Amino acid sequence: MASISIENVSKRYADGALAVNHVSLDVADGEFVVLVGPSGCGKSTLLRMIAGLEEISDGRIVVNGKVVNELPAKDRDIAMVFQTYALFPHMTVERNLSFGLRLRGTPRAETERRVREAAALLRLEPLMTRRPGQLSGGQRQRVAIGRALVREPAAFLMDEPLSNLDAKLRVHMRTEFARLRERLHTTTVYVTHDQVEAMTLGDRVCVMRDGLVQQVDTPEQLFLRPRNIFVAGFIGSPEMNFAAGRIENGELRLGSLRFPLPAAAVPAASEGKPVVVGLRPSDIREVPGKDTVEMRVQVELVERLGSEILAVFPVDATGVSADSVAAGDGAAIMAGGESRTSFTARLDASTPAAAGRPIPLHVNPAAIHLFDPATGMALRQGGT
Amino acid sequence: MSPATGRLLRTVFLTLFCIVWVAPLFYTLRVALADPIYAQSGTPPLLAAITFENFAGVFANAEFMGALLNSLIIGVASTILVLIIAVPAAFVCATFEFRGRANLEAWILSTRMLPAFVVVLPYFILFRSVQLLDTMLVLIIMHTVISLALAFFMLRSFFADIPKETLEAANLEGAGHLTTLLRVALPQVRGGLIATAILVFIFSWNELAFSFTLAGGAVKTGPVAILGFIAFQNVQVAGLMAAANLLIAPIAILLIVAQKGLIRGLSFGAVRA
Amino acid sequence: MLAPMVVVLAALTIYPFLANLWYSIRAVDLTQPFKQGFVGLRNFTSVVTGSGFLHSLTVTIVFVVVALALQLVIGFLVALALWRPLRGSRIFTTLLILPFGLTPVALALAWRLLFNPSGGGINVLLAHFGLPTLDWTASDALALPSLIIVDTWQWTPFVVLILLAGLMALPKEAFEAAAVEGAGFWRSVFYVALPLLRPLILVVVLFRGIDLFRTFDTFWVITAGGPGNATETLNVLLYRTAFQNLNFGRAAALALIMLVIVLVVSQPITKRIVSPRERR
């Protein structure tokens, strides 16, 4: 068991591109941290640097108080589960599982015991004499996890371990991972591009974009209090609604809508200035509550998901894309553009919403997120 | 043109091509099996009586059989040496990025392009001065050297096909580079390794230039020995063809075994057939 | 792990190069052991101005160019015929691997017999059909074409298999798109297949070209450079200079000239073949 400390680590490629840009992150002993972000954000590169498969251009990585920058991968006592599983195709499942222990000269009885335990835990017993080529995707995945388990390493690294599975199996294996996590409590760094995986598995989640850490927090805090517009847009499904608004006299104006803001919640400097308004679909309710503001909307489209529905309705404000604000183009977008965009609300299935029909919806102003259009940083974090 | 006509034309074309291409081999075999007196009697070999006498004669020829044995020993020894040298190098170049790799590979490739006689002279003088001329050793060395580039590129292309993650996984499991090569990489390219070995052996078996300039007196290889036959005035054509057939028979078998790796090897890994 | 390879290959290339350089500026004539010493560039001038050099260079170029062209054209046609599914194509491809790996000396002996003007297989066949017989390797005019036939026979199957592998690997969609656009078979061959195969054709040109340049066994066994010097390639000339005339100094000079020819001709193609790997 180990703690991992990433201190100001960068990865610079030969062409000068920064894949990982001065990242710092502490993973406590036994903690399960998820690195999440769109492809190319540097999360896998960071993981490979922890593993020792990628050289560290700058900064240090400390495992259990020891700097491992110069330590070759084979001596780091870290196990990794690869996206492609990376099983040894010429070995049986049993040999795959015991490979690392045999290399280390672990006594045979001990090796056998650990392999047997891992096999039992992952229900691999009937497969022990098969080769990877004869296994299904899910079975290979379990063998890959097993190979990591038997070594009882200081830490697990997992590089998108579920992304090669089909949707149904992925959900199943996600549960399996959660179960293992509870049982083993081994320090784990887990990389994924899927925010649902990140939210369900991580003790803490580190959101990355363009090699930079955007926010490190518990799943709940990420959802409720995103530090910037990128995190707000990335976490949560369906995506948070964004539009251009303005603060006047302590009131938020969003097109023709007005939301009173508690004085304490309005940053003084934003008075009279444009802001990006963020509103989660789940924060739009079909029933009024305490302090809620009513808005009458004309439903354009209804998507039925079973227990709930997604209702899309127009708002007379300029639409804003989280990505362009995050990329620094926010100010330009706020300046111009058509004063019409669509919001999505996530409502109870019993709501009598139908296309072309006006319905009243209710929003608690305290749930509204506000972002600086220039920097994309949160001015005020919503959340109820 | 209908598809059926097209197929028929193609089959006819290919059949003709194959007949033209196989005929010389067939002719050689037929002469080797012909009663030697056909030549005097003026009978076309195709009509001559069939006999295994010529082959029996070659088997009884101690010098030629000795030469085949030499070829076998030299071929096996140089194949082993080539693999020992080329396998680690090919593995490194296939799996690691390092500065100057492209130049190194271009240089290795260029060593394959030298005509034998461009290098044989300095070697002749060198080996003469250390009294290695006309020994098995000198041919083992030269046959190793001529196949290194071929083996390197062939193996490199096989190694490049291994999923890189399996090597990284081995690394994380605690295997050093040599262990990774021996226990994870090599077992995954077993077929390619065998094809490479076969091709290297064939190159040694077929080699003539070094074999008869640096050796050829006390130590004769198969090709050198068979050339010796025609130096005699009254050489029996049928006997000569029997010897030629004996020389190519083992190679024909190996070629069919190595089929899959063959094209990849001979195109230096450029073609994955 | 690279070291053994680098050391051995350095020995192969650097030592002979330096030694050749050293011998090429000296008189090293084993028939006149006492006349050794520095001669400057005299070996080079005597090679280049010698009657044999230009002739051998021409013979070599004709051999390489004509044989390469024949092998590419025939090879491509046969590969095309095998490209689309055909009953028995496996038998054809298996037959095709036979000639090119077999011992060249043995095959050359077979061809020597086939070419024999009296009683050789080819003339017997020609006579049988009432056609005029030819002198083949015994005639000045036909000796080189005969050798081109032998090499084309031995190596066209190799070209077929390489080009076939290339054709098989081409994206099917490109041809389907061409067919939808109304291109017939030959058009799609010329405008789709050939351009896509360009890198592979370069590979064939390089390796076959180099090997044709290096060919020795066939020449030595079938004609030994004759009749006269009608088929004396640079390789044969080099062998004669070194091991028959025992003039090592001049042979070293010739070897260096050949080395330069190989490198100059092959370098542009080598670069193109090696560097795309790098980008993978």
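Some notes on this structure:
Letters are used for the chains, namely A, B and C, taken in the order the chains are written, and counting of residues starts over at 1 for each.
In this text, a contact is a pair of C-beta atoms (placed from the backbone, for glycine too) under 8 Å apart; a residue touches a chain by one contact, two chains touch by 3 or more.
Quick caveat, the model's predicted, so the values are computed rather than measured.
Most remote from subunit A, judged by the distance between CA-atom centroids, is C. Across every pairing of chains, the maximum count of C-beta contacts belongs to B-C. Every chain gets a centre from its CA atoms, and the centre nearest the mean of all protein CA atoms is that of B.
Averaged C-alpha coordinates put the centre of subunit A at 60 Å from the centre of subunit C.
Rounded to a whole number, the gap between the C-alpha centres of subunit A and subunit B is 57 angstrom. With centres taken as mean Cα positions, subunit C sits 16 Å from subunit B.
If you check the complex, the residues on subunit A that touch subunit B are 51-53, 72-76, 78-80, 82-91, 99-100, 103-104, 147, 151. The residues of subunit B lying in touch with subunit A in their complex are 163, 165-166, 168-176, 179, 184, 187-188, 190. On subunit C, the positions that touch subunit B within their shared complex are 1-2, 4-6, 8-9, 11-13, 15-16, 19-20, 23, 77-78, 81-82, 86-89, 92, 94-107, 109-111, 113-114, 119, 121, 124, 153, 156-158, 161-162, 164-166, 168-169, 200, 203-204, 207, 210, 213-214, 216-217, 220-221, 234-235, 238-239, 242-243, 248, 251-252, 255-256, 258-259, 262-263, 266, 270-271, 273-275, 277-278, 280. Those residues of subunit B that touch subunit C in the shared complex are 7, 10-11, 13-14, 17-18, 21-22, 24-25, 27-28, 31, 39, 42, 44-45, 84-86, 88-89, 91-93, 101-102, 104-126, 144-145, 148-149, 152, 160, 177-178, 181, 202, 205-206, 208-209, 213, 222-223, 226-227, 230, 237, 240-241, 243-245, 247-248, 251-252, 254-256, 259, 262-263, 266-268, 270-273.
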